[in-house]
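Here it is, the structure in full.
To keep things simple, chains are lettered A, B, C and D as they appear, and every chain counts its residues starting from 1.
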């Protein structure tokens, strides 16, 4: 089936800097995509190329099956929400939202009703005649959103939509945005460097690094089955171990390095054998530090010279620094030769794991 | 806190000192009581060359006569502006201005004694000039007399009598010509002057500006100018010729000692000698060389070729003196303003 | 059916491509049209007058040109202009720093009034500014007699020229410094003060390095303006040749002497100095830009 | 006057310097001037300051300064635009030249412009041929005022244009607006404030300008006489008070222009929170 948006073999350079390196992906209609990557990974460049604000050096950009490389931004049927919102400061909320409609010479009546509809959608009916500078940051974001939506685009692009908003409001807005986009059923791509945000909001995630697409998939797929060390490292909290075969239950026949990543949720700590499900499969460790994390405690334990991280419920007895504990490693993400796979603790047999 | 306030005051004082430092050197030479070494002649624009030469000569003369060294400097500008500077505090030992009215103003401010006009011979005017026409070579518009200036096809350049002392002579000369022509009928005189000024294309603020407009910029067909200015132009460029009108005014540039200043500086003696030397053959010769008509008959005869015969009248005969003329013609609402009134 | 739709799409994409190309070329056309307009305007209004100055200055050849510049009165005028400019700029630096410090590091009542007072000289005709000093220090002033007794001449002497020059240039440095210091904020100075540093130390070690280029920029503007001031200085100068004539006044005198070549020759020196100063200004600006790029560039 | 609890030292020190300096250089002379002018009384003031011919002088100065400020607003904006937005050879030189009228003595500018724009001048010969009297006329005055006003608008607009977020233009482009529409509706409104500031400065400067104008003005009463020349005229007649009266009217006029522009900016800030 045809993708709503498709990128084929996109290359883009800025001088020596490779912003896009053979980028390929497609987005299905109605999906909400998170374009996730560290800063400088080329995610914003991809978004801007889709919008037509940048031109790729080579490759094709297709929207609704049509090649749009040479199409002006305004003719691509796109809505764009900028990181800093780029609202027109000297126009009221109403005028901002109406701008795209006026440009397209819509009838006065139609503009009016569409603007009313959108101000209502973003819950700013009462603020329609205010200027952007008189609104809170969160309100501005919603105005930017409504302005982008006004001309009824088939594709909505959002560049770091939550970056400027403080933590508390951000949480609210994330939920609101996800809900609203789904309600409208508009295909959307948003750029973020925040994995929590991507995981929480997106239907699908595209992870970029150094101008390349590393992996695409649903949040759960990416979390559970990272296909490259970069993704494994970037998603979730990770502790690198240079050779995981030293740990109990992970011994391997062949020689050579076996680098891997151990996530906190792969590790269980018990004060004694009783506290742990499978004492036989567990290692000995020493608590080096504990950090209060609100809903849990993060413990750093030293096992065979390696510091591992693990979460521990507040319900359980507290850990003392320097105490000797039992450490059970359920699973390890291994990278044999550039490919990532999950290796289960062999000592555990058929135990099922609860994350 | 107190300390800081004192500090800021001290710094303030430092500022004054800084500013005044600049004048320190000036003071030693400028205002000593007996030993003043510098002498300032405040004059008007067209006398620059005249006094540059005269000062050089008089430095020698004064050294011979008194044995003292003295530096003679000059300041030039519009006559009225120069008079004003003296009133405002410019330390002039003598003033040599374009018209008696400007000296009168200085006298009125109390710097010069009221009887200055009688202090030196010939109305305190050691040299004179008159008003003539400067036209382009061959006189293409055939301008012969004041009559021709009111013709529709003639474009005139003359300075503004309100801003230029010299230009007032021009105006009065034209006025007197018209009065004689129309037998004193004031309405007709005014009409004549009005027509004349309607032909003026540039009304420069000063006499020199007017000459520049006419010569450098090629404005107008005729420049109403002082004879000495016209002669200077002729000397530099053969593209012009002088037309002498049938009647003109005797322009008497005034000289005076600034009593207040010389008494304070102790320079009265040299100031009086300076002006007297203007009347002596040496001074008269320099004036004639710079195209001013000397009072001295012999020297005038010597330079006769450059000064055409013109019937001349004085301002006292025709207008009853400068104060009266000024009030009637050039003060706000005077005849000059009236001709521009719509 | 399906084929024809595809073709249609291709056709329309092709058409759009063409449109894009023409819009790009029309953009380039607009760009060069605007550049041409701007350049033409500057050429007619700015460059032509300068070329004319140079042209007239050399009308009688190099010898006449050099003679006009080395003539003693021209040299004296040049020295006086240099003196007045240097003193005025120095005074304005002290004032500019003090007032900018006052306006940006403290809050007090009347601050807005003070700020606009400093701007006022911009709105005053230089001729009127000159008159101000005549009224204050001239013969009709009540303090004139006192000044006389002290043998202090202000107007029609060098101090008056300096004062007039200072007057027309004094907002420049403050104006340059205030935005820079405002952007800098107070935290660094406050930190230094809580560590026990004195005012002078704070200024020298904390503030000055931050505002250095802004200050230099202000000094350059101030110098340029001070050098060329004509109107105000003309009123207070007295035009005494070799004593109170600055370069601009000397030009006027030469011009009034019908000595056009010399007038333009001296003028060309001022033009040259002005251009030199503006080149300096650009260098400083370039340096400023580079500095801000270095501190503010985070890559893509 | 000072509030307590300041951490940074130097309040009294800098206040001392600032006040002393401001008093000596500006306030004292201003007071002396007003004091001097106040000697004439209202009747004479009104009489002198609003005489028909002098009112015409204000009008001349005002209208030519206005025309010049309008021309400079247009070209100043244009210059700021090409200097910020485009790259082309000679850009740095062009940027540097903008300030030249600032540094050049006004008299030199006046003389040079007059020589250029008289009938026989390099520019004048074309303009006169087109029937435009470019010297000794209102056109000439305007030309001189354009010259002295060039830097103001460009220098006010340039930094603002430079700091303008490129995103707002991109936003407009994505919403389908063309370049010209984007400029009119999105960029230009952002530039109104600095444009007005530059306009006001150029305007105020133009009203008071004397040195560069007097050569090219022609100075004919009721035609090409400008207000600063009238001050000179009154001084030439030793009528200080009349000169002061005209000067005061011009001062007030300039202040009013600057004030109203400032007032408008403040109104905008209050209304739009910009």
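One rule holds for everything that comes next: a residue touches a chain if its C-beta (ideal position, glycine included) is under 8 Å from a C-beta of that chain, and two chains touch if they have at least 3 such contacts.
Since the model is a prediction, treat every value here as computed from it, not as a measurement.
Trainee: Of all the other chains, whose mean CA position lies farthest from subunit A?
Mentor: For subunit A, the chain whose C-alpha mean is farthest off is B.
Trainee: Going by the contact definition above, tell me which chain pair has the most C-beta pairs touching.
Mentor: By number of C-beta pairs in contact, the leading chain pair is C-D.
Trainee: Could you tell me the distance, in whole angstrom, between the mean C-alpha positions of subunit B and subunit D?
Mentor: Once rounded, the distance between the two centres reads 35 Å.
Trainee: So how far apart, in whole Å, are subunit A and subunit C when each is placed at the average of its C-alpha atoms?
Mentor: 52
Trainee: Take the average of all CA coordinates in subunit C, do the same for subunit D, and state the distance between these two points in whole angstrom.
Mentor: Here subunit C and subunit D have centroids separated by 15 Å.
Trainee: Out of subunit C, which residues touch more than one other chain, so two or more?
Mentor: Correct list: 91, 94, 140, 163, 255.
Trainee: Tell me, which residues of subunit D touch at least two other chains?
Mentor: Only 13, 15, 17, 21, 115, 232 qualify.
Trainee: Hunt down the residues of subunit A that sit against at least two other chains at once, touch-wise.
Mentor: Counting only residues that touch two or more other chains, subunit A contributes 72, 75.
Trainee: Which of the residues in subunit B end up touching subunit C in this complex?
Mentor: Contact set of subunit B toward subunit C: 15, 18-20, 22-23, 26-27, 30-31, 40, 45, 48-49, 73-77, 85, 87-91, 109, 206, 208-209, 211-212, 215-216, 232-233, 236, 264.
Trainee: Mind pulling up the subunit C residues that touch subunit B in the complex?
Mentor: Subunit C residues touching subunit B: 83, 87, 90-91, 94, 134, 137-140, 144, 148, 151-159, 162-163, 238-243, 253, 255-258, 260.
Trainee: Note which residues of subunit C are touching subunit D in the complex, please.
Mentor: Going by the criterion above, the answer is residues 27, 30-31, 34-35, 37-39, 41-42, 44-50, 52-53, 56, 91, 94-95, 98-99, 101-102, 105-110, 114, 117-129, 131-133, 135-136, 140-141, 163, 166-167, 170, 186, 189-190, 193-194, 198-199, 202-203, 221, 224-225, 227-231, 234, 247-248, 251-252, 255, 263, 267, 270-271, 273-275, 277-279, 281-282.
Trainee: Quick check on the complex: what are the subunit B residues that touch subunit D?
Mentor: Residues 1, 4-5, 7-9, 11-12, 15-16, 78, 80-81, 83-84, 87, 105, 160, 162-165, 200-205, 209, 213, 216-219, 330-332, 337, 340-342.
Trainee: Touching subunit D in the complex: which residues of subunit A?
Mentor: 51-53, 72-76, 78-80, 82-84, 86-91, 99-100, 103-104, 131-134, 147-148, 150-151
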